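Labels run A, B, C, D and E following the written order; every chain starts at residue 1.
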Amino acid sequence: MDYSQFLVMKQEIGLLVVFLLVFLYDTFMSKRALNSLQGVSIIFFGLLTVCGFCCACPTATETAFAGMYVTSPVIACIKNILNVGVLIVLVQSINWNNSEAQVVRRGEFLELVLVTLFGMYLMISARHFLLFIIGLEAASLPLAALVAFEKNKYESHEAAIKYILTAVFSSAIFMMGLSYVYMLCGSLYFGEIAAQVATQQVSVLLIVALAFVVAGVGFKLSLVPFHLWTADVYQGAPTSVTSYLSVISKGSAAFAFLVILTQVFGAVYSQVWEWMLYALIILTITVGNLFALRQTNMKRFLAFSSISQAGYIMLGIVGNNAMGMASLMFYILVYIFSNLAAFGVIQSIENATGKLDMTDYRGLYKSNPKLSFVMMLAMFSLAGIPPFAGFFSKFFIFAGALSGPTSIALYVLVLIALINTIISLYYYLLVVKAMFLSNDEPVIPTFKSACSERIGMWVTVAGIVCLGIVSCFYNEILTICQQYGLLGGLA
Amino acid sequence: MEIMYTIVALAIIIFSILTVTTRKILRSATYLLFTLFAAAIIYFMMDYEFLGGVQIAVYAGGIVVLFVFSILLTTSPGSNSEKLTNRRVWWGILAAVCTAGVTGWALLSRCAEIFATKPAMADYTMQDLGEDMLSTGHGGYLLPFEAISVLLLACIIGAVAVARKR
Amino acid sequence: MFSNPLIYFVVIPVIMLLGIYLSRNMAQIRTVAVAGSLALLGLSAWLLVDYLGLRAAGADAPMLYRGDWTWFSAMNIKLSVGVDGISIAMLLLSSIILLTGSFASWKINPLPKEFFLWLILLSIGVFGFFISIDLFTMFMFYEVALIPMYLLIGIWGTGRKEYSAMKLTLMLMGGSAFLMLSLIGIYYNAGLHSWNLLEIAQADSIDHTWQMFLFPMAFVGFGVLGAMFPFHTWSPDGHACAPTAVSMLHAGVLMKLGGYGCFRVAIYLMPYAANELAWIFLILTGISVVYGAFSACVQTDLKYINAYSSVSHCGLVLFAILMLNTTAMTGAIMQMLSHGLMTALFFALIGMIYGRTHTRDIRQMGGLMKIMPYLAVCYMIAGFASLGLPGLSGFVAEMTIFVGSFENTHTLNRVFTIIACCSIVITAVYILRVVGKLLLGPVYDKHHEELTDATWWERTSTVTLIICVAAIGCFPNFFANLIRTTFSPEIFKVLGM
Amino acid sequence: MEPIIPILILCLPLLGFLVLGLLGPKMSHKAAGWYGVLSIGTVMVLAYITAITYFFSGAPEFILDGTRLQYVVFNQDWLNFYKDLTIRIGFLLDPISALMLVVITTISFCVHLYSLGYMEGEKGFQRYYAFLQLFSFSMLGLVVATNIFQMYIFWELVGASSYLLIGFYYQRPSAVSASKKAFIVTRFADLGFLIGILILSYYTGTFNFTDLTGSVLANGSSVNNLITPGVVASLKFGGASFMGCSLLTWALVLIFMGGMGKSAMLPLHIWLPDAMEGPTPVSALIHAATMVVAGVYLVARLFPLYLMEEAALLFITVVGAITAFYAAVVACTQVDIKRVLAFSTISQIAFMMVSLGVARPEIHEGLGYMASMFHLFTHAMFKALLFLGAGALIHAVHSNDYTAMGGLRKYMPITHITFLIGCLAIAGIPPFSGFFSKDEILSACYENNFIWGAWMSMVAGLTAFYMFRLYYLIFWWDEPDYGHHKPHDAPWPMSLPLIFLALVSCVAGFIPFGEFVTWNGEPYHIHINWVGVAIPSIVIAVLAIALATFMYRKKNPLPDKVAKATGALWTAAHHRFYWDEIYMFITHKIIFNLICKPIAWFDRHIIDGTMDGLAWCAQRLSITIRPLQSGNVQSYVYVYLFGALLLGGVTAAVVLL
Amino acid sequence: MEIKLLYYLVPSLIMFCCGLYGFLTRKNMIAMLISLELMLNAVDINFTVINRYIFPDSKEGMIFTLFAIAIAAAETALAIAIIINLYRVTKKVETDEASQLKG
């Protein structure tokens, strides 16, 4: 009964403390003090983020609870990346939260965001499936409530229903798969399962169980064909929630996916899940792109874009090595900034004018040059155009995918992914086209976006511009990954 | 024991099917309750009395009641849901059969395990359970225990936020 | 880092970007643009002189002004710069065209500021590409150069600009998709943990089977930008719709990135596969040469004519590169220079004519020689350069290519050399067709008679280009030697030459 | 020899071009004209000095043991390809280049001077002189070329300046199309030339004439006019052959193709008649005296090589003979006096070609070669004379057609006399120069083969006939109504060149040409074979003139009757045997409509269509899979479930079965 | 007759598939949730019996079930809250109705 083990979980504890502080502040403070609720929470969370970078960062791989929980510089790093993303999301959401319909629920918003983040932390750090499931549920169930936050909008409710039903269904499938894994291995500790998988012969049961597990996590990551909820939910959810869903939730799931596949089923890499992954990646990228082609609602459009981005993220797992992992993390980091920049603009426009359709963006450059500039940078970064960060992340993710033993199949996979970048470039350029090329009179009048939104945009733009060119981010991530890796393997 | 098993197994199968086929939704909830009871009996048969108890208390006592309330809230009592179209039914059956087929095929690949017989088990008392729940070592579940409390709290907050009128 | 002169090819444009961003009116924008491009031109001219001096003093490294600054240390990606004669020639070309392009867009409208911002971003890509010898950096600059095209054509273009801009961007990006795969493949298969061109070339450690796989991708990747048949269709539409300066820069410099890349990356790093697979691309580029010329014969839009002509001429560049011998490659690089200058001249003139007559259809113009003799004479000179009149740049380049190509004794190469030679006749046909219809003959449209001749900035732009075209045409040996001395033996050691 | 004079010979015209071209618009007509005349005058003097120095100084670098040598005055590297394959810009002095220097500068000077009067007051006067200077520069560069590539360079430049000058009246559509035609046809021929050069240079490893033709440099080590065995071996290309002919034959024939284009040999002759759209002095300079003989000059330059391949020489002879006859026949039926002269030119050049083709040192010590060069020289003089005379006529009556002329002998005596001298010279009546050169050609033909001799004699008769037909129709025949402005002789700048050229035509035949110009540099003593060749040909010429006199001296219906009587033949000849129509058909119907247009269509619809089609496919596919996203959560779950099952099932099946 | 592990797994699988069928075919969202409970319960049974039969020495399966029940409860509560929320807006709890977001 060594309770000091909790101290290993510095980041989780810190997050919980922030959560509780916000919760208490929200519950007990006077109405006037509540006006500064968001500021206070952001300060708290900001402090936590800063701590995550300096004092809460482990210097080596540390485990707790008999290996049920693990943290390492790599894991701390991904958590920090998520923290930064959440911080931006929180900043961007200030204006929306202060809107009349939302103001009563802003406390809940903050709390739910923090608690889902806690869930994601658990997903990332868990080395036991029970803990993992709890993390997964903690990361998805409160999100359903968040999706339903836009009370006076029907779409929000529909989206929430779709989200929670598919989420629960997928967790049922996931747990079904898990039960068979348990049957094969007799344990739910990752390490023990991995040992068992390595010694046993590959059986149909393992493959089916693995498929179910992949489906369960793939759902969070919205891999095709487990993705169909994504677009509807992204469209229906409040924009702040959508941006949170699209980057943070996706980023954490991607890393968790990496952990599960490499740490638990690493032994059957080339026999089983490499091929599954190929199929999923090709499907995800292609189908996501094809759907994105003809979307006009900006949020829905970004939903499909994020699906295809998920496919690219998966390429980092294909490498099955530290290089791939580093690329994946870097990709997530860049993706967070790029996508949040796009959502920042969408949100700002939505809050000011309520317009969400791509046709409404026509001629935006004439009325709001700065917003359209940010949007353009975001689109370029998502499309992987240098010198913006997206280019670097894409390059490294491809390099990561190919860093393993060379095989033609891998090259073909990457080639397909690369060809898909052309389709994606097409639809990203559609947005640019609407904003810049259109000669129509702008639909959206000139307006001044809120201070918080502007801060958010500046930060994301700075990220888009700097993350790639300034090499230390990727260097640092790759060094950490190569040095520490995850628990066992992947070093 | 065998008789007990047969009854329970039949109950599970029959009530499961009834749960999803009956056109009265309230009955559906009721059949679910029976299924859950049957499951609880299995837990007892497995010598996990506490689990059986929890099953009855939480599922039967909590969840099903929740269902009944919500059903009463959203549907007029006694109304039948409209008949399902054949297409819908057959697709559902196809999906179920496929799942059963794939999973069954998978299960059959592991003959050694699935034809295992019930071995003896050391007594597992409530105290052991309590200690496991609070232990931090191998086979200890303190962390999940704490984590799920956060989850439940979050769900409460979420449900409150959703359910709030404005 | 800043002691290396090459870095200023990127620094100056960046400063220009800043300057233009801070500019308040058109005059300031022009000042910055012209001053910056003059600085670049001066820099490249100085570089040329200094380079020759160094070479004369016995510097025999394959690349001079080498500089390596680690960038992504974990991947061993560096910002490696270095130039040889070829790169210097290209830098010179780029800076000349940037300068003339700035003059050509003297009165750009609307959004002049944005226009110049994008134009200079494009030039950053171009300059960066030519000074880099690190595959990653090179590729990055390559892509930097591609994307501003979309906006430049889309916003300031004419005609079906949105369609063309999209098509151009997507096709070029398609090429670069292949390219990216190939570069990563080269990195891993060379097994050197280095992205440095020279090191990879020196080690020549890429497995032959892999070369056969990677070479076509690299060649197609760059070949798309070099308008290789059948990936050339972006060129007519894109050039036709682009604003003047963009057409100039794109056809004049950007298309050269293709040829340069094919040489620097595809052939230089994978000589074995180049030798084995050259025939495939020889056929394609040979077709490009004749096909582009034939297509140009029936076009009626001036820019389409010139675009197809570019397909033909750039086809010749790739064609010559594939001959895998020094002479032909020298010719290829000279053709790049020559085509860059004269096509820029063409597009500048077309832009100027279009700015006056508001049509590019040769059927609706005629007798411009009488109305705007200056522009007409310039157009004629450009035409003569294009059809390979001695004394202008086209001739020396084409002759070097033909002589070099004939050096290759394979029957296929010979046959395609002769087919490519035919292009000189077809070129004459379409050039003279345009000259005859557009410049000569009676004035077609009476309204045109009031039009004015070139303004001073237009004269500056065209005269600069004509002087360069004539300089190459009259003193080819200087350029040929500059280029030829660059082909250090190690390039050809595997080819057995 | 100091290179300064040769350099000046080349640079002064170039400088003239640049000065007149760039500063021309700022100059007055007079200044520009006189600048041009002075510039070319200086060049003429310098060229004479050079030629005289070469022929008469007797310096050992020019002549050794009675053999004239090739002397490279300077040879500057211009563009190096590989090894010794270098284009050089140099100045080669040898008998033929010295001859050409004289011819070109003389005619050019005459034309410059003549144009002062002819082009007076024309718009673009300065431009005209600039182009003339450019042409002179290019032509001089061509003849003094030290290597075949330099020749090709100037060859192209000559073509371009010809293009510019033909299209001088650029507002006239006919001039524009004529200039285009001239350029493209010669370009097509140059393609052959280029490929020939490529083949030749690849296998011999050199462009230099001195290496190719085996003559030696004066400062070289060996005095040897024969080709060294090594060169022979490399020239035979190790027996390499293509389609049954040796590569050397191919190379030579292809190179000759370039000559065919420039010298308007059948079937590449079609541009020359049209080229008469240019100002008449230009026709005199370019399309009669200088540029069109470049083909002859080219063959003469490479003559030792041609000697190695009888087949190539035979080809030249056949082409020349056919062309000579064809052009002579056509000339009999033309209305436009410049066209008549143009076809006459074609025919005469063909004479020179035939002469080269039949030249065999083993038969007659290179008589043919000498005769060809001799005829080149005399023809340049009298044909320039004829053209300039025609220019004076056109200047006077403002029409090109003889139908607008007639009886002009009264009004334009100087023109009349000089034109008559020209006609007598070309008809081969002694003592005019044409007689001597043509006689040598016929001798050479007869000595090679009687058939060639007879054939060419017949052509010579035709020549006399059509020239006098022209003469009579212009100066006699019937006088049309000239109105108030009676035609009168041209002003002195135009008359002076006429008189000068007429004098030259009278006396040039007495130059002992063989002493100066022979294929191997050794002197050849001309002796006229009076009985065998000269007398018969004089008789034929006189008979032909008599016939012409009978038919055309006075207005009579005979010509029309003859035309009716010969019917189809006359019409065909009048239409130049439909060559233009055939070319029109090939270029427009076949190349333009069957190649260019389909390619353009293919490009737009197939290639481009494929690219657009890919985009369309993506869009279609996108719409096709749209039902997947039906909005119903249960359908999502179906996809999810089947996805998971397939993922597991298929993987299991693939891995384990 | 000895009761084998399979004899428990088969009813649980049938239960799971029934839940699946219900989830896929029922129109009422609450009925769908009920079906989901069947699926989750099937998983619970699986864990329990597998634990008891194959790994009697560890408690992992059983404890997993314990937690799963808690999770299921949380899920159900939240789902029902959302359904009722939707019901308040549209007065409908049919999935076919809630399919306006699509494409």
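In this section, a contact is a pair of C-beta atoms (placed from the backbone, for glycine too) under 8 Å apart; a residue touches a chain by one contact, two chains touch by 3 or more.
From a predicted model like this one, the values you see are computed outputs, not experimental measurements.
Visitor: Quick one: which chains contact subunit C and subunit D both?
Guide: Expected: A.
Visitor: Report the chain closest to the protein's overall CA mean, measuring from each chain's own CA mean.
Guide: Centre-most chain by C-alpha means: C.
Visitor: If we define chain centres by averaging CA atoms, which chain lands farthest from subunit A? Would you check?
Guide: D
Visitor: Going by C-alpha centroids, which chain is farthest from subunit B? Tell me that one.
Guide: The most remote chain is D.
Visitor: Can you pull out the chain pair that has more C-beta pairs in contact than any other?
Guide: B-E
Visitor: How many Å are there between the centre of subunit C and the centre of subunit E, using C-alpha atoms for each centre?
Guide: About 65 Å separates the centre of subunit C from that of subunit E.
Visitor: What is the distance in Å between the mean C-alpha positions of subunit B and subunit E?
Guide: From the centre of subunit B to the centre of subunit E is 6 Å.
Visitor: Taking the mean of the CA coordinates per chain, how far is subunit B from subunit D in Å?
Guide: 101
Visitor: What is the distance in Å between the mean C-alpha positions of subunit B and subunit C?
Guide: Inter-chain centre distance comes to 70 Å.
Visitor: In subunit A, what residues contact two or more other chains?
Guide: 130, 134, 137, 141, 144-145, 148, 160-162, 165, 169, 176, 180, 183, 203-204, 207-209, 231-232, 426
Visitor: Give the residues of subunit E touching no fewer than two other chains, as numbers and ranges.
Guide: 16, 19-20, 23-25, 32-33, 51, 54, 58, 60, 63, 67, 71, 74-75, 78, 81-83, 85, 95, 98-103
Visitor: Would you please write down the residue numbers of subunit D that are in contact with two or more other chains?
Guide: In subunit D, the residues touching two or more other chains are 615, 626, 629, 631, 633, 637-638, 641-642, 645, 648-649, 652.
Visitor: Which pairs of chains touch each other?
Guide: Going through each pair of chains, those in contact are A-B, A-C, A-D, A-E, B-D, B-E, C-D, D-E.
Visitor: Please name which positions on subunit A make contact with subunit D in the complex.
Guide: 161-162, 165-166, 169-170, 173, 202-204, 207-212, 214-215, 219, 224-226, 228-229, 231-232, 271-272, 275-276, 279-280, 287, 290-291, 293-294, 423, 426
Visitor: Taking the touch rule as given, give the residues of subunit B at its contact with subunit D in the complex, in rising order.
Guide: Subunit B residues touching subunit D: 91, 95, 98-99, 102, 105-106.
Visitor: Which bits of subunit A are touching subunit E when the two form their complex?
Guide: Answer in residue numbers: 129-130, 133-134, 137, 141, 144-145, 148, 154-155, 157-162, 164-165, 168-169, 171-172, 175-176, 178-180, 182-183, 186-188, 231-232, 235-236, 295, 300.
Visitor: Which part of subunit C faces subunit D closely enough to touch in the complex?
Guide: It is residues 167, 170-171, 229-230, 232-233, 236-237, 291, 294-295, 297-299, 325-327, 367, 369-370, 384, 387-391, 395-396, 399-400, 402-404, 406-407, 417-418, 421-422, 424-425, 428-429, 432-433, 436, 439-442, 476-477, 480-481, 484 of subunit C that touch subunit D.
Visitor: Note which residues of subunit C are touching subunit A in the complex, please.
Guide: It is residues 71-75, 77, 136, 139-141, 143-144, 147, 150-151, 154-155, 161-162, 165-166, 169-170, 173-174, 177-178, 180-181, 184-185, 187-189, 210, 213 of subunit C that touch subunit A.
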